[in-house]
């Protein structure tokens, strides 16, 4: 009955806020104009769902390279929406489950959402939900069929739902027809050197006259890799310098920084 | 016995009307000559089934791009037929079911239909019923065999059945031999600019001198995308303008409309 | 014991006559010389089985395009044979069964036949019994192995069996080696215009001076499509004329007939 | 214990003689020099197994086109060997069994054979035992592994075994490595016209001056097809002449014989 | 406990000696210098395992054409090693078992071996253990993973193990990475004519002036085929001469010998 | 509760130390500059995890040819880290387990690690954990999905984890997207001749004037093969010399050493 239904939603929502916050553990810094534009457009969709008469279901896909900040952005939109039901569906909580159990959980979240007037569901890392590997390729058709139907199925009368998907395998989703099932798709990019510079200035770990060349070296990196590289470099060539650097007493040695960058790049290159 | 059988059919039918109406939530507007022609031909098939002596089973496939209005048209034909049994078979109500359960449900609907003198069955989104993905390709052979047999099996003496299928993957159905199993196939097209213009005039959200260029921009879009784009644009560049626009106090800014269109097209392009 | 065995055969046979008649619901009209020749040759095989000493098992495959009249002819041969056991094996009565259940049913029919002195088994639509789809291709190897063995296995001493297969996928059966397992194969063709003309004359729905051009337009159509097209055209462009036409008061408008034909052909073309 | 074991073998053998005789229902006629040579060589292998010290296991494969007389020859060798245990393993008695049941039955026959001092096992139609179809290709690897091991495994001390395989898919067996597992392979051919002539003379159904041209027409046919064609032709063009022909009162009309031949050949051609 | 463990090993070993002897039923004759060299090198590995400090696990693969004497050599090494635990793992004793049962048995043998200070395990016919067929190709990945791990896993402290593998499909093992998992690989060859001559001289079944040409004809044959051909030829063209020949009263007719050879070669050729 | 959790971790850790030590049974010798550099960088990552604020999860892949010392290095890092929880996940302890059992065990180790403040998990031989074979290729997608998620999932607040993977199939991991899931990748190389020389000098089994040419011959070998070759050569050409050599009384005969090397190389070559 209604009371039970309500009870069910409340903890679901409670748990979810934590999940959303975990997607942006270190807070959100300014990643440049292009990230901002996507955020604003997505917030317009949030509003559209709120005031909509004709479109009870709006769906939006965030795609871009690994670590570019898609999940963090989706979580932020969910948090900023103030909707009653906001839930993230992620492979992290479904490790080792069978295809059909995963499927059931996904459906359950949608049915929970259908009970709230305004809901957001984040389908995080869709290729992982689909158990995708490029070799074969292999993936769960059960889950892909489920998503294809759920992305088209209208909520009950009077209920409105925004679905935000994220993926770093847009070509794969394209070939499944899942991209076309979304109303809009936005590309979340890597950082340009001017974006990287802003981030580094915020961190304050480089000497002033190193910051331009460091940013240059980070051109076209995803935000995640930028953070990892800075932290690796902050240990220093022989270790032990990290505390001094983060407390501001020392700066990262730019040559050591290049070395670290070289370790990573040379392998790929 | 007979009473039980009747009882079974009644709720099935009741439920179904709702299902049919949900396929055309916003009513039906005039989508131009080509949509109309298909509707008329399909209604001739309805009549043929009614008066037929030699063809107790007539089958008709509506194919066309995603969102072009196939399901809405099939539902409308079903509603306008006034047949005793009209039922839509859709993947939406069978998410996560096994192939064989889906198969059993499909067969059940046909056997229910065989008990009415005049019936219509809508096989909606056949590629979804078949769990089709283009990669592989994969699909349920159990269900495709079932459809191939059901599309050929004659109803019992004195019972007449019209089957309407819809699909946006006609090439796939062709390659399975399912297209050939239908008596006729009609192509439900996207809107031409003159069709789009009529729809926009009905909505009354553009300034009079913008309506031609807006229609031009929407040339070759499916009706579904037209509605979505208009609604997105109606929020305005900074949000909040939707109510004013739908109440007629304001018009959609044509440049913002182009921006929204650009977001969507640039990605695909 | 014997009585039980007999009981089993009797209803099997009873049911079967119905099944055979359903394959030619509208009776059999003259489809031209080529259909006739096949019928006669097949009736010689019936006689061979009856008088044979050295060939207790004769097998014959009817292949040809969909709707060309193969099942109707097989059923007619079975009815005209006057054999004690005549049975049609069709996918229509085995929808949704597992491969092994289908297999068991097929074997059962053969074992029933082995108990009669003279039997005919129709393997109708063999590609459907094999659950064939061209994509992959996929099919049931369990059933194909079963057929390959059954088409070669001799009935017990004193029992004689004629097996008639039908298929519209002769290339597929060829590649499985099933064609070679049949003693003879006959091609059941579409209608030539002179054949179509005879059929139309029998129906008496065209004006005398339209009948030649109508037949010309139907050149190379299977009999099934001819019937469907005539019935569609008989509704008239705006409906309601069917009764008048079949009662002979009116004739089919030849231009409307071309339109209907065009709807079907243009799509394929 | 020993008595039980003996009991088990006796009925197995009894059943088997019947099985062997069924492979040559119409007796054995002279099929020409090439068939004879193979028979003689195979009988040498029978002797080798009987007197052998160093080769307790001899294996021999008969391969050739479908209907060329391989199974009849293998059965004849088994019958003429006078060995205590002679058994034919055929797909005919294993229809619909699972791979592992078939496998168990095959192994059982070998283990039964290992208890007799002198045994022959006929692996009839190996491609059918392997559930082979050329599409894919598909086949049972469980059974192919079993055969590969059994064809190499030595019987217990003091027991001797001859295995005769037959196949019409020698290329397939070659590619599995099963051909190489046999000690020798013989090719059982179709009939040359002089072979066919001998067979026809024995049947005495052609007029003396037709017999040469009839043999010519049958050049390169397998013995099975020769019998089937003669019997079909013996019905006469309008039926009813079969009894007169087999009783010697009439002869087959050579032109009708050509017609029948044409029906079969034209289809393939 | 220890006593139980001991009990377990003793019968395992007892059974095994029989198994090893069965691999060389007719004893071992001198097959020439190349066979001898491999035997000596392998016996050095046996010693290495015995005195080793740093290499508790040594693995050696014998590869070569079918019938070249690999299993016989592996068995001989096992017998000559005088190790406490010598065991052959062969597909012959695992017919029809599931992949996982086979896997369990293989693991069991290794765990038994880990309890002896000095052990040899013969993995006989690895492609057969892996259920390999070239079509596909197909094989058991469960078993191949098991072998890949077992060939690398060190025995417990103080236990030493020599693993000898045999295969006639070295290319396949190479492609699985199983060859690289062995420390050394030796090629066991077919016989050269001088090797064959030695073998024939030992058998004493050819006339003195035939022996050179007979050896020439056997150049490049595996030892197994040499034995089979000699025994077939010893029956004589009309049978019955085998006893006289093996008792030395008669010699093999060299022309009959060529005929027999021709039967076998012509087919392959 | 907490006490139970603690108990669970303690034995897990105890067992693990043994496992780590078994990866470097013969201790660690100096393998040259390149091995050293990787060790130092990896120890910086250990420190980073210890002092980190922003990166609770650091992941590092060691890739290189089979036997190059990856597992030994990973174990050494684990031992030298002094972290409370260090665990190696290896296929050796999971032989024959089902995919899902393996998966469960892997997850269990991560969840155990999440309870310690500082943990290291070694994913040893990732291609073996994934049950990879190059033919197909085949591998466990269940396990690969599990790893892809675990390599990205953050530990709970306040817990820090370093994951070290090893593989000799880096191209395969690359194609699965598993390489990209690691923060850094280092290449563990084979030995150059100067590295090999140092190792040989340590072993003291070659005469002084042989050591240069021996090192030259070992150029580009993985450390594992170097040890195996030396031990094989130490047996001497006729056996028995190993004790004298390891006790220093004799030296390895350089020509015999070349012979042994030739046996191995010629086969591959």
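All chains are identified by letter, namely A, B, C, D, E and F, in their written order; residue positions are counted from 1 within each chain.
Following the convention adopted for this analysis, a contact is a pair of C-beta atoms (placed from the backbone, for glycine too) under 8 Å apart; a residue touches a chain by one contact, two chains touch by 3 or more.
Because the structure is a prediction, the values reported are computed rather than measured.
Number of steps on the shortest path from subunit E to subunit F, with steps defined by chain touch: 1.
In this assembly, F is the chain whose CA centroid lies farthest from the centroid of subunit C. Each chain gets a centre from the mean of its Cα atoms; for subunit A and subunit D, those two points are 68 Å apart.
Subunit D and subunit E, compared by their mean Cα positions, are separated by 34 Å. For subunit C, residues touching at least two other chains: there are none. From subunit E, with the walk directed at subunit F, the chains encountered around the ring are E, F, A, B, C, D. Here subunit F touches subunit A in the complex through residues 41, 43-45, 47-48, 51-55, 58, 100, 103-104, 107, 137, 139, 141-142, 144-146, 148-150, 152-154, 175-177, 180, 183-187, going by the rule given at the top.
Within the complex formed with subunit E, the subunit F residues making contact are 22, 25-26, 66, 91-92, 95-96, 128, 131, 133-135, 138, 227-228, 231-232, 235, 239-240, 242-243, 246, 263-264, 267.
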